[in-house]
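Structures are listed in the sections that come next.
Two complexes come next, and they have one chain in common, chain A, joined by chain B in the first and chain C in the second.
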Partner chain A sequence: MAVAVAEGSVPIAKARRRSRTAGLYPSWFYLPAAIIFAVLFMLPTFASLFFSLTRWTLQKADFIGLENFAQFFREPFLFQGLINTLIYGVVTSGLKVVLGMLLALLLTSDIFGRGYLRAVVFFPVLVSTVGVGITFTAMMHPTQGLINETLASIGIKGPGWLTDPRFALYSVALVDVWKGVGLATVIYIAGIVSIPLEYYEAAKIDGATAWQRFWTVTLPLVQPATATVVILSFIGGLRSFDLIWAMTKGGPGFTSDVIASVIYKQYQAGFYGLSTAGNVVLFVMVALIIVPLSLFLNRQEVDR
Partner chain B sequence: MRHAQRYIFGGIAIAASVVVFLVPFAFIILTAVKDRRQAATRSFDWPTSWHFWDNLVEVVRTQDFMLVTAFVNSIILTVASVTLLVVLGAMVGFVLQRRPSRWTPIVNFLVLAGLIIPPAVVPTIWVLQSVGLFKTLHGMILIEVAYGLSFTILLFRAFVATIPRELDEAAIIDGAGPLRLFFQVVLPLLKPVVVTVIVVQSVAIFNDFTNPLYYLPGKQNVTVQLTLFNFQGQFNTSLHLLFMNILLITIPPLIVYLFFNRQIVAGMTAGAVKG
Partner chain C sequence: MLMRNLTRAALATTGIVVILAGAASAQDKVKLTFLFDNAPSTVAMAEALATAFEAKNPNIEIETESRPGGADGDNLIKTRLATSEMSDVFLYNSGSLFQAINPTQNLVDLSAEPFQANVIDSFKTVVTGTDGKVYGAPIGTAMGGGIFYNIPIYKELGLTPPKSWAEFMANNEKIKAAGKTAVIQTFGATWTSQLFVLGDFYNVLAADPNFATDYTAGKAKYASTPAALKGFERQEEVFKAGLLNEDFAAATFEDGVTKVATGEGAHYPMLSFAVANIKELAPENINDVGFFAIPGDDAAKNGLTTWMPAGLYIPKTTKHEAEAKQFIAFVASVEGCDIQTQSAGATGPYLVKGCTLPADVPPAVADLLPYFQEGGHSAPALEFLSPIKGPALEQITVEVGSGIRDAASGAALYDEDVKKQAQQLGLPGW
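Up next, the complex of A and B:
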């Protein structure tokens, strides 16, 4: 967007202009942010690569090679956390994509009570995660909880949502979806309303049914929104800690532990090296999933 | 026909939303105003007697007014970190958009890294300890700034692009230096995105549980989300107080939402639409 006026003049003028703009947009504007980011984020990240290879007391670090990582893959209670993190990430982001899309389609149609519905779906996003966790823990109580009491009144014996090892992780994942689907929905709404109406009209004139219009117009054109929802909720799901900690603390046993809760437990127990190794494992896992996924999703984008 | 459909689907959706989204909030409010015994049953029913004020006073007074300390701490934490985030993030976003240089790809890479990489917890504690900021509110403020910068820079960079460069040039001709140009010309023009950043980051930092849990332990440093956690152990049989606490810390985000819901949605959906 350079102004073309100076283009024809002598190189000296151009050089002077460049130095003048350099003075206007000085590099030291980066400095305060860069220092905070480097010291409190980059430095710990690089340090973690070293400390994950040690037995560490914060005062003293003994190098033990890959022993911490070996332990992570050997001990069932640590390895379970790894698997659970994957399950949790896939379940929450999958459900948020599907439900977010459906809700957005509903809430962009000409439906009665649209403003109220949008507000009520989005509000849980802003509520304290721990508060939501405690509330649902009470409602999921195996005998007294509202959910199982309601099921009992129609003759179904509800499971122990958070006390049964088979269900605990999925129950927490469902609450995560309840809290986060509003964000996916507003992202999809923004994507859908940006699609030009002419495309739908053209498709209609060509005799496309509502279903065909969804598959051939809406779905390809909300691709950027889908990419955002998938990436955001996957990163969030893999790193998730507070909801799990508020609801099950990784229990019963370690059946709903994820890497983030393992990191906290090992930190509390004083195994700082092992805890840091958990951090590195999580970092590698997030990078291995998110980078290829975002490259793939961004390539899928269609031209308008 | 279409007219009828509009109401039928709307009616079904509203009924479903009441069950799925409003019942949990009603449950919080009802439990918060019950007496100890009725709250302990976890039932979803009308309170036999109302104890709103009693419960409120008791929650506030518990543990030497811990909740008051927590609110003060959380408000200081939120205001200070958001102020720093806005100024520092806008400075980076401004230069990043205006002057492409050999730093630009590096900065872009670091911004993405900040969004994706989970923070390394124990090494961060180690760094904070060595600079004497562990267990201090100052350290916690800087942590929130470090973790929030990436998203803030992305928002600012996108918005700076919409401000015409001619304004910068007019400012130089009038004799403004870079600081005056930024603070007196550019920053005021960034107001819409500043509001968005303030609202989105305030809610995020006020609701942050994990980071204060790690970096800000200790009773005098407690933040609102941690009080909830402390109450959970202590009041295992006092659900009425626990839920009153939840209710109290849900009110600030609710107020923010009522006034700024447009900016929140705008900030959170940034990036969903290309172009």
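Up next, the complex of A and C:
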């Protein structure tokens, strides 16, 4: 069914393409890429759609219709995982935009050792996520961790960052922001540097305050950078798995589970059909959020 | 004439065979691969068994490989079986986890092997597939799910090991009043959170002897069976009474073992195999730790929930079935037991006839053995009586044990989890 639809849509796509790239290369030239695309991307996509409708043991698959999807939404911790995913995506993406922008303003100013500082902000991006997770897990230990020992030395009793169900998800989100804000900063630096200085000079002559210059010159003109940062970090937040798994494994209990960690646990338990259904849900959710968001952000850009 | 020629031919042939055999042993050593979990005590035991076997069988070389335990290990075993990449011999749980790897389709039938005559029947039942064939052999010793206690704290406060839950909680109050940690929990390793529920099963069976059968058939539920719900309720009670160590949510299994051995806490609910870890992590305190069964309501009906040891299995995809069987027979022999005792210590009774334990076992093991002996009171854990064990129990018991979720809703959630597993296994009635 799905395959037939795909085949049907090919001629249309081909006709549209040909007008632009007709005669650029002979058709055999596209064959290797087409084979790789079909075998490694299209086939698994359709296979996963099929297996999400089955109870699958890797050796045999019983067709059960939409039962896996019903199961996925029926279980309280699976649903909690959905909510947590959204919280995680919004918190990490929001903080990366705000902090990335502030850091970029600082690092495009005439600050001493600017190149070095820019590198320092970017370093956490280069470090292995699992390594960061293990390090912060040790630092956030409720009694022996560096953070709570430091707080204790000034008389504050720190919370169980990763073990208190109220804080666990946010603690991981903060670490995610620390690790990822470097990328947002670099994108913003590129955006800010490309704003012509004449605008600022003109604004200054008109008597605009620093605050007004930021709101009316910098912010609108780095809109493309903002769109990139929001979309990249939001997709990253929605499908985030490695950091959460390294730090809490979704715990304590199910309180910091996100969709990706729930899916992985179903897979570990041998519920292969259910975990495939979870992946389809994740795919649909990311698409439903990101496509309109991306259209909205890009339209703003064109309108201006 | 004919005779002589025949004899000559026979001699010549024998000679050739001998030469060929010699060449084979020199060049084509059979290489067996052997996969086991990475718990230090398992690794020590498995390596010692492999070395001893190689010494006896110079034509076989064993390549050992360790894997993670817990859910990661389950995943790895299932994936390697499904992709035909399983080692020639592998170690894995018996009971419900064994049922979940689809033994009838994946494993070599070991029912007719001569060594099975020496394997105790109670083990055979937990490695028998749905077709009635036996697929495994025991490695390691039987275990109990109970509570380790610190003997010096008990002596100092004049306490005796409890036989009923009320006595246990009374002991806890005295320990807490003395300013000590009464109960150690280690939710940093989530699997350790399940003992109050799983280890209470002797008491469940005592109250409801048909629970296992009804549960497998989908008729008995944790949430609606008062005796079964009790495990969750007790876990909640212990948390609410404020008896836990301060870092219970982050502490690991190794922390728990060390704490109960060194007296940083008085009780640690755990499987008795942890004796091997105490020996390794706090060797000077090995004589400070005792063991008792998780007590139920009635002191007169006190008994232990027991765990069968892991099994050794051969996948159907092996190319060295004969050698693999030879190795398994060696492990499941009296000689094999003795090597296990030497390398990992005496942690409980073996499931092979004729195997003995040394006279000077640690006190926790000495406390454990009477439950298994003639006239002792013990019953297997649910995972050995039913193929269904829900995979999310450890997260649920973490929530109940840290006050995030109450006992009743935890039990109801677990019933849902069990249903998922039963459907995945394709059991009737779900």
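Assume the second predicted complex is superposed on the first by the 270 of 304 C-alpha atoms of A that agree within 3 Å, B and C clash if a C-alpha of one lies under 4 Å from a C-alpha of the other, contacts with A are read in each partner's own complex, and residues count from 1 in each chain.
Just so it is clear, a contact is a pair of C-beta atoms (placed from the backbone, for glycine too) under 8 Å apart; a residue touches a chain by one contact, two chains touch by 3 or more.
Just so it is clear, the structure is predicted and the values come from calculations on it, not from any experiment.
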Based on the superposed arrangement around chain A, label chain B with chain C as either clash or fit. fit
For A:Gly158, select first, second, both or neither according to whether it touches chain B, chain C, the two together, or no partner. neither
Under the stated touch criterion, which partner chain does A:Tyr267 make contact with: chain B (first), chain C (second), both, or neither? both
Check whether A:Gln144 is in contact with chain B, with chain C, with both or with neither, and answer first, second, both or neither. both
Would you check which partner chain A:Gly236 touches, where first means chain B only, second means chain C only, and both and neither mean what they say? neither
Partner chain in contact with A:Leu58 - chain B first, chain C second, else both or neither: both
Name the contact category of A:Phe122: first (chain B only), second (chain C only), both, or neither. first
Tell me the contact category for A:Gly94 with respect to chain B and chain C: first, second, both or neither. neither
Once the structures are superposed on A, label A:Val186 by its partner contacts, choosing first (chain B), second (chain C), both or neither. first
Scan A:Pro220 for contacts with chain B and chain C and give back first, second, both or neither. neither
Chain A residues touched by each partner, larger count belonging to chain B or chain C: B
Give, as a whole number of angstrom, the minimum Cα separation of chain B and chain C in the superposed three-chain arrangement. 6
Which chain A residues are contacted by chain C in one complex and by chain B in the other? 58, 141, 144, 267
Note: in the complex, chain A contacts chain B through residues 1, 3, 20-27, 29-30, 32-33, 36-37, 39-45, 47-48, 51, 56, 58, 106, 109-114, 116-117, 119-132, 134-136, 138-139, 141, 144-146, 149, 178, 183, 186-191, 194, 224-225, 228-229, 235, 238-239, 241-242, 246, 260, 263-264, 267, 272, 275-276, 279-280, 282-283, 286-287, 290-291, 301
Which bits of chain B are touching chain A when the two form their complex? 6-7, 9-11, 13-14, 17, 20-24, 27-28, 31, 41-44, 88-89, 91-92, 94-96, 98-99, 101, 103, 107, 110, 114-129, 131, 142-143, 145-147, 149, 153, 165-166, 168-169, 172, 178, 181-182, 203, 207, 209-210, 213-214, 224-225, 228-229, 232, 239, 242-243, 246, 249-250, 253-254, 256-257, 261, 264-265, 268-269, 271-274
Spell out the part of chain A that touches chain C in their complex, as residue ranges. 55, 57-59, 62, 71, 74-77, 141-144, 160, 162-165, 249-255, 265, 267-271, 274
In the complex, chain C touches chain A at residues 71-72, 74-75, 78-79, 82, 100, 102, 105, 187, 190, 246-247, 249-250, 391-392, 395-396, 398-399, 402, 404-405, 413, 416, 420-421, 423-424, 426
